[in-house]
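Shared chain: subunit A. Partners: subunit B in the first complex, subunit C in the second.
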Partner chain A sequence: MSDAGTLLAVHDLCVAYGRSQVLFNVGLTAPHRGGVAVLGRNGAGKTTLMKTIIGELRNKSGSVRFAGREITQLATEQRVRLGLGYVPQEHGVFARLSVRDNLTVGALGGRRHDGIERALAIFPKLGQRLGQTAGTLSGGERKMLAIGRALLGEPKLLLLDEPTEGVWVGVIDEIADRLRALAQEIAVVIVEQHLQLALSVADQAYVLDRGRVALVGPSAEIRDDPRLLQYLAP
Partner chain B sequence: MKYPPALSRLSFSWYSENAVATVIFAVLALLPAFLSGYVIYIVPQYLLYGVLAMSLALLWGVAGILSFGQAAFFALGAYAMGLAPHWTSSVDPFYLALLVSLLIGAVLAGVVGYFLFSAGVRDVYFVLVTLALSIMTEQITVSQSDITGGYNGMFIPRAQLSFGGVSLDLSADVPMYYTILPIVIGIYVLLRLVVASRFGKVLVGIRENEDRVLSLGFRTSLYKTAAFALSGAVAGLAGALYGTHASFVSPSLAGVLFSTQVVVWVAIGGRESLLGALLGAVGVAALSNYLTAITPEYWQLVVGIVFVIVIMAFRGGVAGALIRLGSRPPMEPERG
Partner chain C sequence: MQTALSVLVDSMLITFVFALAALGLAIIFGLMGVINMGHGAMLTLGAYFTWFATTKGVPFVAAVLLAAAGVGLIGLLLEHFIIRHFYDRPFETLLLTWGFFLISTELIKIAFGTDLRTVTNPLPGAAHFGSFVLPAYQSVVALISLALIVGLGVMLYRTGLGIKIRALVQNAEVASLLGLNVARAYKLVFVAGSAAAGLAGALISPMLSVDPYIGNIFLVRSFFVVIVGGIGQVLGGTLVGSFLIGGSETFFALFSGQVVAQTIVFMLAILVLRFRPAGVLRAQ
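Right after this comes the complex of A and B.
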């Protein structure tokens, strides 16, 4: 992949919690459009990688470049203003605010006046829940709200950490459809335990094993790689 | 697209609080027609405590930032009222004191808040710094006795208001009552509008999960600084009015004990409701005053027991319990 076609470029990223190093020289790239999956068993460092890219965690060494700009030293809100969006694994919504107020706060960070309508167009189910406090939503609706709210900032790249965790199986397909459509418009980096979903959204996949990139390649090749199950097995 | 009215618990409490506030302020406006003497003298003082409590509720209940420094801004406002006549002869010192008290509260809180929040100071560390702010203010008012009167405090004559050619003597209790009440109502309405604004929603988001607000692109330190500055300005203004009402200010007004009392008022009244904080201050101050008269040895013990019972029974204070009681039960999340 050429630099001109690369939106996000992570190089030799090392991250530690105190003395305990979690990521070792991790590299990852994402193009301007399309999906990138980050796979791995629990504790492989996937969430740490997401949090470091968005700026919630600081790296020991290595670099993160976004849209050709070095962003390693930037604060989270500066990275978001440059075009990064982030949907965390847990606590993605403001549980005691209504759905409308959650979206209003998200829209304040964006530049479009029709932000909330746009989120409702992507997830129409939220339109029926506008007055409801977010803490009373189902798991799937909370994820939809968190994704919809992140999109109000008009990100060029969306980082999604386990978007189907705690979601009823009947709603997973609905979220997957939206993510596949989204990946046609912007870059999507998705961390996901649901292997089939992740590989259906992503063109490129990275497999992390104990903080190191163990496999990387097109999703179709990764899916058929006999080593994949070895790296994902608990 | 027009959205249907919100049906959430928060919006329910919004409308019900407006209705209760309207009734309470109407009763307060009529009070001097039916009562006189000590009640009409002391109610404005309780209401000013209520404004101080609302300044903390904005910070603690809305933005999730607990401050033990509100008494410092309150005391500085009161001292500004006492010192203003020495600063000017060409401008009405009452208005000058109000302006200075607003500015001193806003600037001091803004500067302290900017450096603390930009450095990532949160939670208990912020509480400790604001506690230190109160202690420092108390010590400065003691040490600068040439200006402040030191431990002896400062006598402040009640203000004479002038609008154009008309003047109003606030030395009588009824004119003072009707001067302070509209200001209290105005501050309450202003703070309600702030909470309902987009700025207020971001503050609630910060209280709920600051990292999520950061990840939406907001520089939360600036929002927290603005909230602290506004809270300091309101506390300073309340202090200036208190100074002219009580006709006296002493260093204890900035001290740790008074700072703690403010937190107790808000915790009992309900930190997530401005009206709850206001009524908490009025109620606890009135109870304390009554108990001081009938049991001067044990009144603090009784107030302490009330505090413990309310906090154990209703963690959101009395207002929080009433809001939950008046709300529909939370909906069970559906599958999916």
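Right after this comes the complex of A and C.
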């Protein structure tokens, strides 16, 4: 992948919680369009990687470049304004605000101020819940709201941390369909335990093992790699 | 009948004065979660700034606005240099704002002395309806208090800025993920709360003698107003809390002395919190 075709470039990233190092020289790239999956068992460092890219965690060393710009020292909101979006694993909605207000906040924080229609077009179900308090939504609807709201900021790259965790199985396909469509338009980096879903969204996959990149390659190759199960098994 | 009406009106006027006094705390403590022990000092500073400006010939309305702006500026400095570094540490902010109270009070004593000062009532008249009297200035202050609460409600629930603030106080982490400038929004809310406290002190100054501890009269009561009304319920909670803490005292004072009435009110407040720990209006 050439630099001109790279939107996100993570180099030699090392991250620690106090004295406990979690990521060791992690590298990752994402193109301007398409999906990138980050796989690995619990504790492999996937969420830490996402949080470091978005700026919630500081790295010990290494760099994060986005759209050709070094962003390692930028605050989270500055990274978001440059075009990074992040949907966290949990607590992704403002539980006491209505669905409409949640979406409005997303539209206000973004670069476009033309309302909440884009989110409703992607997740029409939210249109029936606009007046409802977000805390009363089902797990799947909350995820839809969090993803739809992040999209209102017009991100060039969306980081998704376990978008189907806690979601009823009947809704997972609906979310997966939207994510596949989304990956045709922008860059999507997805952390997901649901292996088939992640690989169906992503063209490229990284497998983390104890904070290091253990496997990397096209999704089709990773899916068939005999070492994959070894890295994902608990 | 006349007495009952008079007591009702008095209690409503007191309710709005208490709501005015508590509004700044409802913003800083109720919305942001900062236990602002400096709230009383902010009220005191508002009162002293008004006294000082009016003695220098500044018209009362301009003096009130200057006092609010002055206390807002002090709030800005306090937030920028100290409080913003401790938002996630409530015990430290409690101590720091208490320190602000102590320093402010001593500086007021040095600058203005400890003598009682008086701010001339700009509207000394009253409307008489038989034995029932409606004091003009208190009535105007009640209307200003109501207008501030309604205005704050419109801002919080009908504007983009208000939605941002409500989102931010619920979850600052997610708010920053949406590109909101969390630090700037916190600063804005803190300054607004400080200015509201300064405005309250300024408007209350003609009703009481101004001394270095005038704000303390309202400090504990303001905390009771915010907690009994419901933390985070800036509008309804402040009004309900003010009525329970301030307005009801007027009722009880009909049948007892002032001290007994205050005791009954605080006992009732504790009773309310026993059965509704999150406040009267806060969702359980």
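Methods note: the second predicted complex is superposed on the first by the 231 of 234 C-alpha atoms of A that agree within 3 Å, B and C clash if a C-alpha of one lies under 4 Å from a C-alpha of the other, contacts with A are read in each partner's own complex, and residues count from 1 in each chain.
In the analysis below, a residue touches a chain if its C-beta (ideal position, glycine included) is under 8 Å from a C-beta of that chain, and two chains touch if they have at least 3 such contacts.
Everything numeric here is computed off the predicted structure, so don't read it as measured data.
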item	value
Partners on subunit A (subunit B, subunit C) - clash or fit	clash
Subunit B versus subunit C as contact partner of A:V105, first or second or both or neither	both
Which of subunit B and subunit C A:W168 touches, first, second, both or neither	first
If touched residues of subunit A are counted for subunit B and for subunit C, the larger one	B
Touching partner for A:A181 - first (subunit B), second (subunit C), both, neither	neither
Subunit B versus subunit C as contact partner of A:E56, first or second or both or neither	both
First (subunit B), second (subunit C), both or neither touched by A:A121	neither
Subunit B versus subunit C as contact partner of A:A220, first or second or both or neither	neither
Subunit B versus subunit C as contact partner of A:L137, first or second or both or neither	first
Common ground on subunit A, meaning residues reached by subunit C in one complex and by subunit B in the other	54, 56, 75-77, 80-81, 85-86, 88, 91-97, 101, 104-106, 108-109, 149-150, 153
Complex contact set, residues of subunit A against subunit B	54, 56, 75-77, 80-81, 85-86, 88, 91-98, 100-101, 104-106, 108-109, 116-117, 120, 130-133, 135-141, 149-150, 153, 167-168, 170-171
Residues on subunit A engaged by subunit C in the complex (per definition of touch)	54, 56, 75-77, 80-81, 85-86, 88, 91-97, 101-102, 104-106, 108-110, 149-150, 153
Of subunit C, residues touching subunit A in the complex	160, 163-164, 166-167, 170-171, 173-182
Touching residues (chain side subunit B, partner subunit A) in the complex	1, 3-11, 198, 201-202, 204-205, 208-209, 211-220, 330-336
